[in-house]
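Just below sit the structures, each encoded as structure tokens.
Shared between the two complexes below is chain A, which pairs with chain B and chain C, respectively.
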Partner chain A sequence: MAIENMAYLIPILPALAFVLTFFLGKKLPRGGAIIPIIAIFTSFVISLMITLNLLQNPEEVVSQSYNWFSILNVGILIDPLAAVMLSMVTFVSLLIHIYAVGYMSHDKGQPRYFAETALFTAAMLGVILSDNILQFFICWELVGLCSYLLIGFWFEKPSAASAAKKAFLTTRVGDVMFLAGIILLFSDIFRIFNGSIPEGVYVLRFNEIFSHIPEIAALNTQILGYQVSHLTLITLLFFGGAVGKSGQFPLHVWLPDAMEGPTTVSALIHAATMVTAGVYLVARTFPMFIAAPQSLLVVAYLGAFTALFAATMGLVMNDIKRVLAFSTISQLGYMMLGLGMGAVIGVTAVGDSLFHLINHAFFKALLFLCAGSVIHAIGTQDIRQMGGVRKVMPITFATMLIASLALAGFGIPGTSIGVSGFFSKDPIIEAAYLFGESTENWFPYVFAITAALLTSIYIFRLIFMTFTGKPRTDYGGHESPSVMTIPLMILGILALIFGALTKTSFGKFLEETFTNNFVNVDIHALAEIGKYHLASHGGEGEPLLILWMPVIVAVAGLLISYLIYGMRVIDMSKVVSRKNPLYKLLYNRYYQNAIYTQFLAVKVVYEGLALAGRAIDRGFDWLINFIGNIFTDASDGLRQLQTGVVQNYATSVVTGVSLLIILVKLILEVF
Partner chain B sequence: MIPLFYYLALSAIIFSIGLFGFMTQKSGIRMLMCVELMLNAANINLVAFSSYNGDLTGQVFALYSIALAAAEAAIGFAILMSIYRVRDMINLDKLNILRW
Partner chain C sequence: MADLTLLTPELTLVGTGLAVLLIGLFLSTKAKKILGYLASLGILASLVLVVMSLGTEGVLFNDTLSFDALSQFFKIVFLSVALLVSIASIKYTEGNSHTEEFYSLMIFATAGMMFVASANDLMVLFVAFELASLATYALAGFEKKNPASLEASMKYFMIGSLSAALMLFGISFIYGATGTTSIPGIAENISLLLGSPMGLLSVVLMIAGLGFKIALVPFHMWAPDTYQGSPSVVSSLLAAGSKKMGFVAAFKVFMIALVALQAEWTTAFAILAVITMTLGNVVALSQTSVKRMLAYSSVAQAGYITMAFVVMSKTALAGAILYALSHGFMKAGAFIATAAVTYMVLSEKKDAEMPDHIDNFRGLGKRMPVTALCMTIFLFALAGIPLTAGYMSKFVLFASTIEAGLVWLAVIAILNSAISLFYYARVVKYMYFLPSDGVKIAEPKPYTFAMVIAAIFVLAIGFWSEPFIYWAMEAAKVLI
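For the complex of A and B:
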């Protein structure tokens, strides 16, 4: 049996594991963790084998489709894009499940935890495997649900419950936009077909959508006096969904709060997999974006802005997980920026962005797991109370250092020496440089390079504050058990070498995503719709300084951090104080939460919507009471007939029958 | 042979007497007797039509209805007995607790 025929098992197995763990977990040792581990391991093996097959022959993608009803289908699509995501998600999920056996060992809710993470894995794999946008959306929502459940895993803690609610509501804003985009897309394709869909055509399948891009681009709507192409609208709405899910500005506010969940959840969902679903959505619908230049620019600008914006906040956080959360937002910004650079480098952008996504998944999951290891041993998340942890936890320190180097992007340009983050972040920054060169717009490049500097500063601040120096509190602590450290080491090795191993093959592999037996789109022709020309060169033409720039800022960041937090040469106490307005601004996260809660929630929702709702409510109350009163009044009168005296009833019967007889008689005589 | 009309007239007269009695009497036993009268007026009709048409079905039906009437009377009297024990009277005018 060919391995492709087992593709459907990839999401089904974790889903089964969810059911089994949910019902049987309490009776099994360690909350039934073994069930999802076996299921996800099997999924991982299948995914990896399919990926290896696909590597041999990238044009022959796996595509299976079943009729759902009339013009909609459910289906599986494993093209290069999906294959790398599948392998990454199953692999990271597997390691984190193993790690969680140790991390959650003291928790009573283990069966619930493992059931929910298994469900999450199933849903995430569903997102990746979808061959149509509707199935994609359904799994996308399921993923959001799991995220909600797992952030609120310790729901008896009010902060966790409210963080879960916040995450759910904030991502909902994006999801509604995504759904609106799907509806608009559906109605447009319907219009293109003039309402009669031929047999066997599934309108929301990606190949069908992509084949209608020129027609959708030709449809226009007047909005505020501007002619807006439907393609631009749809892609912007899709991107709105991605902004919510991937924590881009201005919907990123939920992600730092999502750290209220167990650290393993943060590593799995809010670093490696779910938050990248937004990037995956844009990559998946990339042919639509490339034909809609304004949307692609929005992606690029918002990505660049988010990368810098989140990095500034990461500088001042004192909670080890919050720093990492802002780092995740910032890195997701890089991925979005990378996709946005499709405006100059075409489909290569997808390869660049996904390469960073995969590398990021490894090193960021590793950072979170290391942080979890520290938290597990020391019992606090505040880095001000740590210090000197390196002596207690050498393995955790070593792996976290590797992950930090990868995040900051250390390496030597032009060679194969470097950590994974170097090989993936560099092309994005270089593409931003190319973008600046060809459009005279240096905004994305400046933001990206500044963010790279800040990234290096905040991550080494974290390292120095946590691991070096003398313990600032009496915390005790010990190295984590091997069930936790072995996943760390595996991820550490990957964070170290994955980039160097795959830096050339990865991009080439992913370029086949849009030219194969499932979809075959001409990116250059689509770019013509967008009315811009793709740059032909890349990588060689830049000045040496540009090639070295990311590394220079990374080293500079390391040095600055070392001087401030390692050597303590520079005294920061003046800067780091509540009196410094800049520090206050950053520490309060640009008051964005305050704006959302004080203004949006209180003024708009409570006072505006609630008042309007109350007026409408009262109107309906009056109407319903009025209708109800008619009937009660009428029945008040009618029930007087029930006298309880038999003779009265008999009288009515006799009168009725007599009248009936007279009526019948009359009718018979008239006709 | 006596024409059909006489039977029907007798039946109508008995039915009217029964109806009149049912609607004017207050005593439960009298009302029950009046119901029996109306029932038997109907029985007379059944038998009369049966012999007029030369079809036995109507007579069988009449027998059936007489048997039912006996059962119904037994239940009716049993209920009246119970009422009498509780209320010490069987004046159905006063038994109007089921009204609105």
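For the complex of A and C:
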């Protein structure tokens, strides 16, 4: 049996594991963790085999499709883009599941935990495999639901319950936009076909959508006096969905709060599932974005802004997980920026961005799992109470250091020496430079390079404050069990060498995504529609300084952190005080909570809309109750007809016959 | 000689009934449990045979029996319901010394329904109708020591006899005018009945006779008493199976034999449909017995299905036929769930009054989680919540009503659906939101098994409705 025929098992197995664990978990040791681990491992093996097959024969895209109803289908699509995502998600999820066996060992809710994470993984795999946008959306919603369940895993904690609600509601804003985009797209395609869809055409399948891009781009609507192409609208709405899921500004607020779940859940959300879904959505529909005027630029600007914005907040957080959360937002900003750079470098942008996504998955999962390991051993999340943990937990320290180097992006340009983050972040920053050169617009580049400096500062601040120096509190602690450290070491090795190993082949592989037997789009022609001017990509034309710049800022960040937090040359206590307005602004996270919760939620929505709505509701309530009472009274009255005496029943039959004859006769005579 | 293989499903079924009756004579009460399995297997075999025969057509015995997509569809409805009831009854008849009688009566009733579905002659139709009726009269009174059950059976029998007399009276008019009882034959000679007062008389008498089985207002009055008093598994057979027999007979009599009198019966059915659905839904609102509530709900559902007689388009008929199938699963499931609850109540307190009182559903979500979940699915389906069978069939039926320009009828039907949500949702509220001091109990497996199968089909028709709609369309083509 060919491996393609087993592709459907990739999401089915974890979904099955969900059911089994949910019902049988209680009876099995360790909450039935073995079931999802085996299922995800099998999924991983299948994904990897499909990926390897695709690597050798890039043309052999797996595409299976079945009629669902009328013009919609369910189907599987594994092209290079999906293949790398599948392999990454199954692999990282597998490691996190193994690690969780140790991490969750003291928790009563283990069966529920493993069931939900299995479903989470299944939903994400469903997103990746979908060959049509509707199925994509359904799985996307399932991801949202699972994140709600998992962030609120310790729902008896009020903060966890409210964080879960926040995540659900915030991403919902994006989801609604995404759905609106799908509806608009559907009606446009329907219009293009003039309402008669030929047999065997599934309108929301990606190949069908991509083949109609020029027609959709030609449809225009007047909005506020501007002619807006429907393609721009659809792509911006899709991007709205991606902003919600991938925690881009201004819908990023749920992501730091999502730390209330178990650390393994954070790792899963930040590395493998959920947040990457947004980036994947943009990458998946990239041909639409590149043909849409302005949409890619919005993606690029918002990405660059988020990268910098989140990095500044990461500087002042004291909760080890929150630092990482802001770091994720910032890195996702890089990925979006990378995709946005498709405006100058075309389809290479997808390769660059996805490369960063994969590398980020490895080192971010590693960072979270290391943080989890520290929290597990020390029992606090506040880095001010740590210090000197290196001596107690050498393996955790070593792996966390590797991950931090990867995040900061250390390496030597022009050679194959460097950690994974270096090889993936560099092309994005270089592309931003090219963008500046060709459009005279330097914002993305400046933002990206500044964010790189801050990234290096905040992550080494974390390292120095946690692992070096002397213990600031008496926390005891011990190295984590091997079921936890082995996944750390595997991820550490990958974070170290994956980038160097695959830096050239990865991009080439990904570029095949849009030219194969499933879709075959001409990116240059599409870019014409979008009025983008693609530059020829290459590192030769750039000044040496630009090539070295990311590394220079990374080293600079390390040095600054070392001086402040390692050597303590500068006394931070003066800077870190509530009196310093800049610190206050950052520490309060730009007062987003005040703006979102106090102003938007409480003032505008609750006091404004809800109270007005209540008054109207009261009126309706009265009306409804009135109508309801009529019926219940009638019901009580009519009940009396049912006497229970059989003679009456017979009378009613005979009367019924007679009346019916008269009535029918009357009606027929009159009309 | 006609091809007797067409008759194999019926022969299998009747053979099973006879075998169950005979074998039962030689078994001890304890060993009679095996009869339930045997009967279920026989019904399943018959069901498989019908499904395999899909697509074949033919007539038998001087054109008195016809086999086509319509009859096969309804046979599948009857056999599916019978199968669910039979599985659930394995628990119900446990330890009863009359098990073989229960199963053979149930099987003969089902066989009667199947012959009605195939009948191509009014006499065959009447005899088959009576076969099913007589067997169910006895079933309704199966709990011989329970006065409620006896009362249910007596009322059912008396009103049933009256209706049979009316129907026979109607048939005699038709025969008197056209000189034949063959259904296509009547259609050919219908000119003799047109314009004569006998036409209207026979139409109304036939409606009264069949309306009894369908439980159309005002011929419905036996239904609440009988459904409530009979054992729940029997109510399930009556509401989900026997009622559909009334529909298939009415389809044949009116849409094939008396199609020329369309003006008369369309008007009559329009009046009855509106009264039936409204009365059924309104009275269901204030019921405290869940079985009685379900009885009124099935009166109301009959009202919806009757709309197809008014609309008379292919889509409407397909909707009604699909509704018959969906209602079979939803209603059978709901009654079986009630049977499970009744069983629980009676096993805790032997002489409980009204074991199906809605108070006994309190906290069912905790006490019997599978039953509560399945019941929720059935109730939501009955209310017509999307992604269930009930929604799909209502959608097709109502949409066709609007398409045909009968917006007023559709509006009444939709308003009725809105009312119905109240009493369905109330049971769900009792099951999940009201506390109970009872403890979690082991759910009887045969009941659970039957419910889960029904729930799977309710959801399957809702999720993946295309083949079912296609199939109902094929059946509707036989009529129009």
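As a convention for this text, the second predicted complex is superposed on the first by the 617 of 671 C-alpha atoms of A that agree within 3 Å, B and C clash if a C-alpha of one lies under 4 Å from a C-alpha of the other, contacts with A are read in each partner's own complex, and residues count from 1 in each chain.
Criterion: a residue touches a chain if its C-beta (ideal position, glycine included) is under 8 Å from a C-beta of that chain, and two chains touch if they have at least 3 such contacts.
Here the structure is a predicted model, which means the values were calculated and not measured.
Colleague: Which holds for A:624: it touches chain B only (first), chain C only (second), both, or neither?
Modeller: So A:624 meets neither chain B nor chain C here.
Colleague: Could you tell me if A:582 is touching chain B, chain C, both of them or neither one (first, second, both, neither)?
Modeller: In the superposed model, A:582 contacts neither chain B nor chain C.
Colleague: Examine A:525 and indicate which partner it touches, taking first as chain B and second as chain C; both and neither are also allowed.
Modeller: neither
Colleague: Looking at A:663 after the superposition, I want to know if it touches chain B, chain C, both of them or none. Which is it: first, second, both, neither?
Modeller: In the superposed model, A:663 contacts chain C only, not chain B.
Colleague: With the two structures laid over each other on chain A, which partner does A:611 touch: chain B (first), chain C (second), both, or neither?
Modeller: neither
Colleague: On the superposed three-chain arrangement, identify whether chain B or chain C touches more chain A residues.
Modeller: C
Colleague: Let me test your reading of the model: by the given contact rule, A:644 touches which partner, first (chain B), second (chain C), both or neither?
Modeller: both
Colleague: Answer with first, second, both or neither: which of chain B and chain C does A:655 touch in the superposed model?
Modeller: second
Colleague: Please write out, lowest number first, the residues of chain A touched by both chain B and chain C across the two complexes.
Modeller: Dual-contact residues (chain A): 639, 642, 644, 646, 650, 654.
Colleague: For chain A, which residues count as touching chain C in their complex?
Modeller: Per the stated touch rule, the residues are 67, 69-70, 628, 631-632, 634-636, 638-639, 642, 644, 646, 648-650, 652-657, 660-661, 663-665, 667-668.
Colleague: Taking the touch rule as given, give the residues of chain A at its contact with chain B in the complex, in rising order.
Modeller: These residues of chain A touch chain B: 639-640, 642-647, 650-651, 654.
Colleague: Would you mind writing out the residues of chain C in touch with chain A in their complex?
Modeller: 154-155, 158-159, 162-163, 166, 200-201, 203-205, 207-208, 212, 217-219, 221-222, 224-225, 263-264, 267-268, 271-272, 279, 282-286, 419, 422, 464-466
Colleague: Help me check something: in the complex, which residues belonging to chain B touch chain A?
Modeller: Residue list for chain B touching chain A: 19, 22-24, 31, 92-93, 95-100.
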